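Chain naming follows the written order as A, B, C, D and E, and within any one chain the residues start at number 1.
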Amino acid sequence: MLIGKKISVGYFLNMIKWDVIAIFCYASLSGALDHFSFLKSITIPLAVSALIGTLLSLLLAFRTAQSYERWWEARIVWGAIVNDSRTLIRQLLHFLPPDDRKSDIVTDFAVRQSVWCFALADNLRRLPYSPHVAEYAIDHAYTDQHLPNQLLTVHAEKLALVANAHALDPIRQTQLDSTLARLTDAMGKCERIKNTVFPRSYSMLLHFLIYVLMTILPFGLDDQNPFVEVVMVTLVPVLLIAIEKTAIVLQDPFENRPTDTPMTTLSINIEKNLMEMAGEPAPERESATIDYYQL
Amino acid sequence: MLIGKKISVGYFLNMIKWDVIAIFCYASLSGALDHFSFLKSITIPLAVSALIGTLLSLLLAFRTAQSYERWWEARIVWGAIVNDSRTLIRQLLHFLPPDDRKSDIVTDFAVRQSVWCFALADNLRRLPYSPHVAEYAIDHAYTDQHLPNQLLTVHAEKLALVANAHALDPIRQTQLDSTLARLTDAMGKCERIKNTVFPRSYSMLLHFLIYVLMTILPFGLDDQNPFVEVVMVTLVPVLLIAIEKTAIVLQDPFENRPTDTPMTTLSINIEKNLMEMAGEPAPERESATIDYYQL
Amino acid sequence: MLIGKKISVGYFLNMIKWDVIAIFCYASLSGALDHFSFLKSITIPLAVSALIGTLLSLLLAFRTAQSYERWWEARIVWGAIVNDSRTLIRQLLHFLPPDDRKSDIVTDFAVRQSVWCFALADNLRRLPYSPHVAEYAIDHAYTDQHLPNQLLTVHAEKLALVANAHALDPIRQTQLDSTLARLTDAMGKCERIKNTVFPRSYSMLLHFLIYVLMTILPFGLDDQNPFVEVVMVTLVPVLLIAIEKTAIVLQDPFENRPTDTPMTTLSINIEKNLMEMAGEPAPERESATIDYYQL
Amino acid sequence: MLIGKKISVGYFLNMIKWDVIAIFCYASLSGALDHFSFLKSITIPLAVSALIGTLLSLLLAFRTAQSYERWWEARIVWGAIVNDSRTLIRQLLHFLPPDDRKSDIVTDFAVRQSVWCFALADNLRRLPYSPHVAEYAIDHAYTDQHLPNQLLTVHAEKLALVANAHALDPIRQTQLDSTLARLTDAMGKCERIKNTVFPRSYSMLLHFLIYVLMTILPFGLDDQNPFVEVVMVTLVPVLLIAIEKTAIVLQDPFENRPTDTPMTTLSINIEKNLMEMAGEPAPERESATIDYYQL
Amino acid sequence: MLIGKKISVGYFLNMIKWDVIAIFCYASLSGALDHFSFLKSITIPLAVSALIGTLLSLLLAFRTAQSYERWWEARIVWGAIVNDSRTLIRQLLHFLPPDDRKSDIVTDFAVRQSVWCFALADNLRRLPYSPHVAEYAIDHAYTDQHLPNQLLTVHAEKLALVANAHALDPIRQTQLDSTLARLTDAMGKCERIKNTVFPRSYSMLLHFLIYVLMTILPFGLDDQNPFVEVVMVTLVPVLLIAIEKTAIVLQDPFENRPTDTPMTTLSINIEKNLMEMAGEPAPERESATIDYYQL
């Protein structure tokens, strides 16, 4: 599903370019002032910079780890959606009695489950629903504000109908219900990751520490060649900011960015699997994966 | 549910202002003494400060990680409450036979489940119950000390009534019971996070290490410009204390502070979802989210 | 349940006082020897101390994290005991048919479940059983070596009796059995934490590293004021030992120490909840929380 | 299953040889330039290199930990496949009534479950199916694109047949279905690990940091013997790259490399166990473990 | 089960003695060469050693954490075996109808479950089966290659017999089957830990880094007293190797070493508990815990 190509270096550089320019100006300025003005007499030992640098490195490592975990959890949840979608249809194939209606019921659920995946992806990305999702909702007059939740309710209602028409005993019905409960959980987990912002106070602290380090670093490089000093004073904060930006990009895995979870591709694959299981042809869908869409 | 606005910088600065003032005074004093008195001859190598600084950084990183985990666990538990509330009503829609009483029963459970969410939030924040919760409790004469626990017991009793009136077979009943057990677990997990204080001995150690570092740091900056020395001796401990305060704010996610879990907003959303599923209009609630309430 | 008061500083200082005295003597002695004897010519660069210090800091951070996890797991297990105790009684209320015996059966289970909590707490602390537990065991002639395990077996036997008297169908019976299985798990987890000592080899290594650091540190502080040297050589190892002691205190959460899991308080609360659910008055119990019992 | 022999050092050296050569050339060149040209006057304090080195070490430690976790998760998933394969056959032995067809049904499932393991392994390694898997698929006319998914569907269909022929009641059927759901989960988890590449931006950052460190390191070793300088400037980046390569090798555990998960060996063992349980002789299979295949 | 005595220091020293001797010789030699030969002019700044030392410390901390996790997971799995063994017998007491055969059936399962524990322990340690296990296998003609797996299959077959003799309905049967599935999982988890060696490439890297550090360290201690140099150059690598050895000892928790999981003691305790529950006397077993067997 995911292809191992490089995320374009340009995309990344573009993201941090303003920071780089600002830091370079600051470094040049402080380099100049430091050599030609009264600030010349001020020296701050590199050991203090190192202490703040260690603290900052540990906090960045922590932030990196947390962002990675959110990103990885998003993949795990969508992996579970793949599994439970397959399980739902397999259970219907397994549990429904082999009569005339079986094939129709299975296809009906397979289509609705595929639409659910696409609708959830659009919902999480705060995009308008894809054409075929919107069409499906209009055709069936599904008008709830939270379409994916409504589709799961329709799953439940249809299962109730099938059960009440005596085609399904309570035991198999509750087994199917457990699968619906897991899909509800997956939907809720995605919403939790989407809606929980990383604690602002940490982000602020990290920024503040980077600024502090950037401010005191030149005073520890006093005796150096001015060119070297400017390069160093630009390089160290840029590296720290690049690490932080990488973490920021990972931490919101449903933001319709080149690096988010490939939900459209996954939904297309789920649709293919489910249609294959239901014995129906899968509709051709164009993957939304544009050029740089390959983390 | 959560909006990505900034937590007001003022709120945070207000929280640490006394520490900053105390440290600044101490730094100025020690800076003065260090230059004008018998303490002048004392020098402590920066390497010792660096060693203590590394130790402190690691313990702060550990503390940060633990606080984040408590905060994140609180979000996970409330995410599970969202999911299991939806699942409870969906299971009722799925399992109850399509007779006259079905709609009334579903609405009754949806209302009680919504009230349970609000009551749990108030309980965790140690606030008096919200008006509509208090009203509901009085209307139904629910007087137990632990209202959320009683509401779950009422859920169970009502399910028993429905089952005994032969509308629900034991299999579906136990499936619903499992959902109640998960809600009981979520309630207990919130209480565990609320009632378990972070080990005091660690907090004491961290404070003590910060004071030690603050005390020995000036003796390593002897040869510096006094102004620089005062700034450095103020800055380093303030940064450490700011990190610790950030951790302290996160570690108690149910404290009715601007940064806690947005339980009221989540409860309002749960109510909306459940009412939509039950086919009833959701009452208008004013979100408690005041201005600075947006971590 | 837990109150946020301070663990008395005295208790903690008392715990490490002998280490502090020993280290102070060693530091004074080495300070004296270092200045007045042939050892004066020996210098070990502070960078070597820093290397060993970093290694030690990382191992201490690891140890701290593991101890915290054991402590936190103990709380989680007791949180699960709270939840599953409530769930057990709620399931009985939910599943038993509304006849004459229902109230008696529920009360019988609620009392036994409360006693089980107290008995498990006493067992884990290796204390003789509390008076009311011992009395209950004698009254019912429960003489197994492992009383909590026997109480769970009695739960199972009584459930079998209730089921065989046709008051409970197999489906509800297995649902209750799952709750018993979770309680068995919780009991086993407590015993695992209690009986698994932290690997001795790590503790030995940590001690050895602290001694090594203490030994080489004075040789890196040669040029310093003797007073400063003694203070530094005492301070650094004492800080390290204080961190280790804090970890040691946390890592055994069932040791009848002021900082262990508040199992008695939790059991009293469980008893109150269960009695409220069974509609019976809860007996007055005196909390064992003595003065310093408030981590 | 896994034998504790050494992965050939040659294999590893071969993997990083080009990096080593490139770095050695760069180091020699920079060493020469640094001593004989205008660059001689440039000095960058080692403390800056140390700061970047600490940052890099933390990111490498993070990367190492994540790679290990992916590798370990892959083992856990395949361990679960072993367990659930045994459980599936044991449940059939347990649940099927002791009639004439029982033995045939169990053997049929045991063979299909073994083939599923081999097919999944081939699929994950993107290899053509092993001869006996391909033969099995042709014999039974299984032509779906996703053979392992189809085999699970066939499991479900056969179970439905067995159940509908009244040999299996719904309760035992759903218990078997849960085992199929767990196998579906394991399959999906393998695919998730296979298809999720490690975030490119982190890899890029790590490389960039290594290049930066390699570039500034010589300027901090100015006063050294040129031979020593070249050795140091080669050694440090090579060590860092060796650590990164080790992580890269671990992070993709299904790549048909000497160090991946021993899926063929595990499948052979599963086949042996299942055949023993079904009372059939296991076919002789040659393990694919070639000489260097022993991480 | 585990006693808090010290693992004999001798055992540990014995394990690392050859490394210590080799390092001491190397240190003496390099110390001599460094002072009396052409190598005297070579100096490698301590900052480079510190950089490599930091990297090494982080990798050792990672390795320590992973080894601890394997060791702890082994304890968790055996803790689950204790719990599920008790649960299995309790479920039989709970579910079997109170007729004449009940007591015989329970005792039969309790004995087989106890033997399973001992057989699994012997299997994991690659030891011949204990006398009473071997005897039990011969008495019952159990000849499968994988005895513990066969015993679980016998459990399942006996349960099928009990069920088919109408003493057990399908619902209770599947509940017992779930317990068997958990025991199967526990067995598979032990085998996974046993058979998965820690990635060789990491071990090789760690060794290589220790050798590198040992080689460059003397060149940074040039100006020191030769005696001090030899002590330092011996001490630092010995500490690192001691940490690594400690990790190696922990990482294989089923190796029949003094520090492995106390499976024999646990099995004896399980047997006692099960026999108490079945109302039978437990046979006297001698614990295999020899003198130094007390991590």
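Operating definition for what follows: a contact is a pair of C-beta atoms (placed from the backbone, for glycine too) under 8 Å apart; a residue touches a chain by one contact, two chains touch by 3 or more.
Small disclaimer: the values here were computed from a predicted structure and weren't measured.
Judged by shared residue numbers over all numbers used at their interface, subunit B and subunit C contact each other through mostly different positions, with under half in common. Think of subunit C turning onto subunit D: fitted on CA atoms, that turn is 145 degrees, to the nearest 5.
For this pair, subunit A with subunit D, the centres built from the Cα atoms lie 24 Å apart.
Rounded to whole angstrom, the centroid-to-centroid distance between subunit A and subunit E, based on C-alpha atoms, equals 38 Å. Each of residues 47, 50, 54, 58, 61, 171, 174 in subunit C touches at least two other chains.
A ring topology is adopted by the chain contact network, closed into one cycle in which each chain touches exactly two others.
Ring order of the chains (start subunit B, then subunit C) is B, C, E, D, A.
Only residues 1-2, 4, 6-7, 9, 12, 46-47, 49-50, 53-54, 57-58, 60-61, 64-65, 68, 71, 75-76, 79-80, 82-83, 86-87, 90-91, 93-95, 97-98, 169, 171-172, 174-175, 179, 220-221, 224-225, 228, 232, 235-236, 239-240, 242-243, 246, 249-250, 259, 272-273, 276-277, 295 of subunit C touch subunit B when the two sit together in their complex. By the touch rule above, subunit D contacts subunit A in their complex via residues 41-45, 47-48, 50-52, 54-55, 58-59, 61-62, 66, 144-146, 149-150, 152-153, 156-157, 159-160, 164, 170-171, 173-174, 177-178, 180-181, 184-185, 187-189, 191-192, 195-197, 199-202, 204-205, 208-209, 212, 216, 219.
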